[in-house]
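Both complexes below contain chain A, partnered by chain B and then by chain C.
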Partner chain A sequence: MSRKIILWGSVAVLCIYIGIALAAPLIAPLGPTAITGKPLQPPDNRHIFGTNNIGQDIFAQLVYGSRITLLFGFFSALFSVLISTGIGIVIGYYGGLVDEIVCRAIDIFMPIPMFPLLIVLTTFFSPGVIEVSLLMGILGSVYGIRIIRTQVLSLARTNFVEGARAIGASDFQIMYRHILPNVMPIVMVKFVSASQHLLVMGVGLSFIGLWDTSTIDWGTMIQNAYSQGGIALGLWWWILPPGIAVIGISLALAMIGYSFEEKFNPRVEVNRI
Partner chain B sequence: MISGKYLLRRLCYSGASFFVCITITFFLLHLMPGDYITNYLLSLSNTIPQAAVEQFRHQFGLDLPLTDQYVLYIVNILHGQWGYSYAYGLPVFPMITGKLCWSLILLLPATVLGILIGTVIGAWSGWKSGGKKDLAIFNVMIVIRAIPEFWWAIMAVMVFSFYLRWFPLGGYSSISVLTTGLSIPDVLYHAILPIALMTFFIATGNYYVMRNSMISVIGEDYITTARAKGLDERGILWRHALKNALLPMVTITTFQCAAIIMGNVFIETVFSWPGIGFLTTEALTMRDLPLLEGIFLLDSLLTIASMLLADILSSMIDPRIRMGNDE
Partner chain C sequence: MGLIRISGLRVAFSTCSEEIRAVDAVDLDIRSGDSLSLIGESGCGKTVMGMAIMGLLPKNAMISGSIRYGDQEILSAPDRTMQQIRGKEIAMISQNSANALDPVMTIGDQIAEPLLIHRLLPTTEARSETLRLLSALGFDEPETAAGRYPHEFSGGMRERILIALALICNPRLIIADEPTAGLDAQVKSQILRLIKKQIASNRTLFLITHDMGTASFLSTRIAVMYAGELVEAGPTKEVLAMPRHPYTQGLLASLPSAGLHPIPGMSPAPAHLPKGCRFCARCPSATDRCSTLHPPLKETSNTRQVRCFLYD
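For the complex of A and B:
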């Protein structure tokens, strides 16, 4: 019962975040880059969270920053899930040589650490948010391919797939109409947990300076506040809001992820009673 | 015992992985806009005579065909010549290995403590799975893990260093180092908070693995058999459940040793601790590609080696585990 409340609460939080990101210009008319006040102003009526070191409104930055943070998290999760599901279904269904080649390639790519590789690649390409999330998706999909493939391997030998083949369904039809719906629960669980994981990772990456300084998201806000003395000067309203915003969305996604996992994976439910 | 054929195959894969890493770094370095030598010399002086550029190009073998350069690059990597940093003008390899010691000061105690604490709590929680205390711990762990690592670090600095003033705000030694030299108690005093945070994080990560492993072990038939034989619960836990549940911990432990570089990039950055993580952040801010590639190569080398070690160790302990038979 209480678990259900947590789930719906989390979904509500998620919707609020997405709403804020979409309606950013309406909520924060001051704009994230405009200099609208004196530097390091404490909170007042005009600037709810005060201003930063060059006089930009922190509340507006927080509202607009949600766009990049959410975009990065969801897009990289989407890319990673799409790639791993697509490749996993195809190699699991056809098997044979294709499967062998892809699996060996995964064995080779698996030990390569993703995090520093992403940093090296972004330093080289200096890309935008969508490109980085695509890179992240590609790098992050390696693990997922195996999980989907294992599922598809057993599905491809079931009776209903045999039956579909017997009535003359094409390979694509079987994969799309019969196998995909059966792996969908796992894909959904992966998507939610990946978006939580990658969103937090994206904020972390921007905290250590992955984007250029003109990009405003929660990570760069925290980094800015931290490195410009937000703590040493005791300006809690500068550093706390973006951090609390990250915690909120991350917790909401984590709770949704766990509820999904319980729903679709009966073993977990048994284990957790 | 482990078969020679399996070992050989595993070694080949590890070699191939590192080869892929070297290839990536080689091509990125060569496709980079601007010339490597010009970029490097710019880090030493503002004006570069063309003759010097030519001289260096010849000396570094950059006038050779691409295939020869590639072979030369691989040979150089294997000899520990990993190029020169743009931002610092220093050779990359000694720079990184020098920073490694500083990272290890934090990582060694944190990893050992974290694994111990995480395993103990995880085993206990898994053994009592479904109970009130287990669920309470599990939910707390979910919340802890959902909050980013660097945020915990920032909050710790804010509370313990700024408001309570128990610990320094960051860095690795006090200002007195200029007169008295580096003293061990001083460095330790600066290291306590980062070590505590890292321990905390490693422990929560291990908790999950250990709890899951414990839960799947206590569902096994041999535990039921042991109960049916009339063994007491304590005996089942120590002699049957724990030993089998610890198996995945072997893999996790070796992985954590591999995470030496990237595992602590956030905590080192928040505390300005002069280890590899902080170096990564600095290199990233200055867009220092050769240095980042060096860090990437060292990290991949460590990860590949520890994955190999983990596979060999776990297949020695448990002969059921073999690579490739995942069907």
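For the complex of A and C:
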């Protein structure tokens, strides 16, 4: 299969997800919390994905749940990319002591696994969705800082940066007008891949109940089904829809990320697929 | 009148074990309206001189002496002051290389950038000024050219863009560091004619080159640099007609038109400069005195200076 088909297919899938999240009130007018039927109904004409243990429509929950899950992935990736781009450009451009300190701090942070660290931090702060996404953005930016810094290190020594200095540009103008546009392709790739793995991690976090469990997203839906015995009783329509939804978005984002990386990073082998 | 007065300029770089004296006690005036060429072989410190005037020496450089621009000392000026001067008062045509221009910015935007940085013109007028300059520099369709990216241009066209970038703010002094490096002979002569027409005829030019032909075509005065110090200076015509320093004589004899006679030996390592004359080891007319005593730069006439014991 050609790369183009995979890329555009993935973009289409992503657009469908975003469209569903935006149009949630139109698609499921009764809302995710309304009790619309008998408990634990298998799929039928009225409830295409059946109902859960208190009679809420699983399709409506899935549609509304996409809002939190997608927003979470988007915001944590955004925070992560903003932080890593900002810090990476500044330390790569100036170098020196601050660069050294940040790099050593990253060396210390890198081997600490992110998921357990997040569990520890969230139990201390008992935060909401936005706070957790900010926290994940900060933790997820660690790798990005390194990648951006390395690029900036070589860019800051190119002739056109020297030339920009020779026309009287200040450090800020050089970083903003010349270095940022030159690292933008990498930032885009980082944004897509970060939103993929942070989104999946967010579903995991909400599955183990690290933020307000009354919000409805795909993680809490799976958690509900799991804790109410959905798996033991074989109630597949309760578990599968949010699970497949996560797999779908994650695959789509991963494929977009790979295509971007192949496009922007000449060192990546093109013949992967 | 001296637009730039360099006096006693020393620039050294220290590596872990030794000190490299790139520029050593250089005095040089660039007069308003002059075209001055600084000639020397690779590594003699000529690029460092240009960087020193621009205030763009690397942070590890150890600098002493003075560079005055008008009545302002610019060698020790804070970066903020230099940002006001760079591009607007003193501009630079950098060496042409593949990454001399920002690859992700259209050339129209890049040429207009100095105007916007120095707040000389609003955006729309900066754009029309850019187009005017592009057509003056030989771009047939300035509108289309301004929307293109650097990689879409040939080496000669990129050099024109670099010249535009230096000219756009109408600076008083232009420093050109090897402006024709890497261009073939045909394009090189076009570019030199362009520089002569646009710069050398009505502005102050400080040309840094290793090429006697370029220097004689563009400049009214020549300063020859060897191993970090000036060895000869004077009006171009006089120096070319009657070179005094053996090094200048050697340079002229090494030109293809003079029969390609190379100067034997190598220039001394800047970390281990000889005690006496720095050219002593390669000099055909060296005497015992040359290897022990360091000759001073002496005036031999009103206009000419030379650093050699032959003219005592």
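Simple rule for what comes next: the second predicted complex is superposed on the first by the 267 of 273 C-alpha atoms of A that agree within 3 Å, B and C clash if a C-alpha of one lies under 4 Å from a C-alpha of the other, contacts with A are read in each partner's own complex, and residues count from 1 in each chain.
Please note the rule applied: a residue touches a chain if its C-beta (ideal position, glycine included) is under 8 Å from a C-beta of that chain, and two chains touch if they have at least 3 such contacts.
A quick note: this is a predicted structure, and the numbers were derived from the prediction, not measured.
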item: Combined model on chain A: chain C and chain B, fit or clash; value: fit
item: First (chain B), second (chain C), both or neither touched by A:P25; value: neither
item: Chain B versus chain C as contact partner of A:A169, first or second or both or neither; value: second
item: Partner chain in contact with A:I108 - chain B first, chain C second, else both or neither; value: first
item: Which superposed partner A:P39 touches (first chain B, second chain C, both, neither); value: neither
item: Apex chain A: angle to the C-alpha centres of chain B and chain C, given in degrees as a multiple of 10; value: 100
item: First, second, both or neither for A:I247, with chain B first and chain C second; value: first
item: Superposed model, chain A: greater residue contact from chain B or chain C; value: B
item: First (chain B), second (chain C), both or neither touched by A:F124; value: first
item: Touching partner for A:G229 - first (chain B), second (chain C), both, neither; value: neither
item: Lowest inter-chain C-alpha distance for chain C and chain B in the superposed arrangement, angstrom; value: 17
item: Intersection of the chain A residues that touch chain B with those that touch chain C; value: none
item: Contact set on chain C toward chain A in their complex; value: 54, 56, 82-88, 91-92, 94-95, 97, 99-105, 113-114, 117-118, 162, 165, 169
item: Residues of chain B that touch chain A when the two form their complex; value: 13-14, 16-17, 20-21, 24-25, 28, 31-32, 129-130, 135, 138, 142-143, 145-151, 154-155, 157-158, 162, 169, 215, 219, 258, 261-262, 265-266, 269-270, 280-281, 284-285, 287-289, 292-293, 295-296, 299-300, 303-304, 307, 323, 326-327
item: Residues of chain A touching chain C in the complex; value: 158-160, 162-170, 173, 177-178, 181-182, 184
item: In the complex, chain A residues that touch chain B; value: 107-113, 115-117, 119-121, 123-124, 126, 146, 150, 153, 196, 200, 203-204, 207-210, 222, 226, 231-232, 234, 236, 239, 243, 246-247, 250-251, 253-255, 258, 271-273
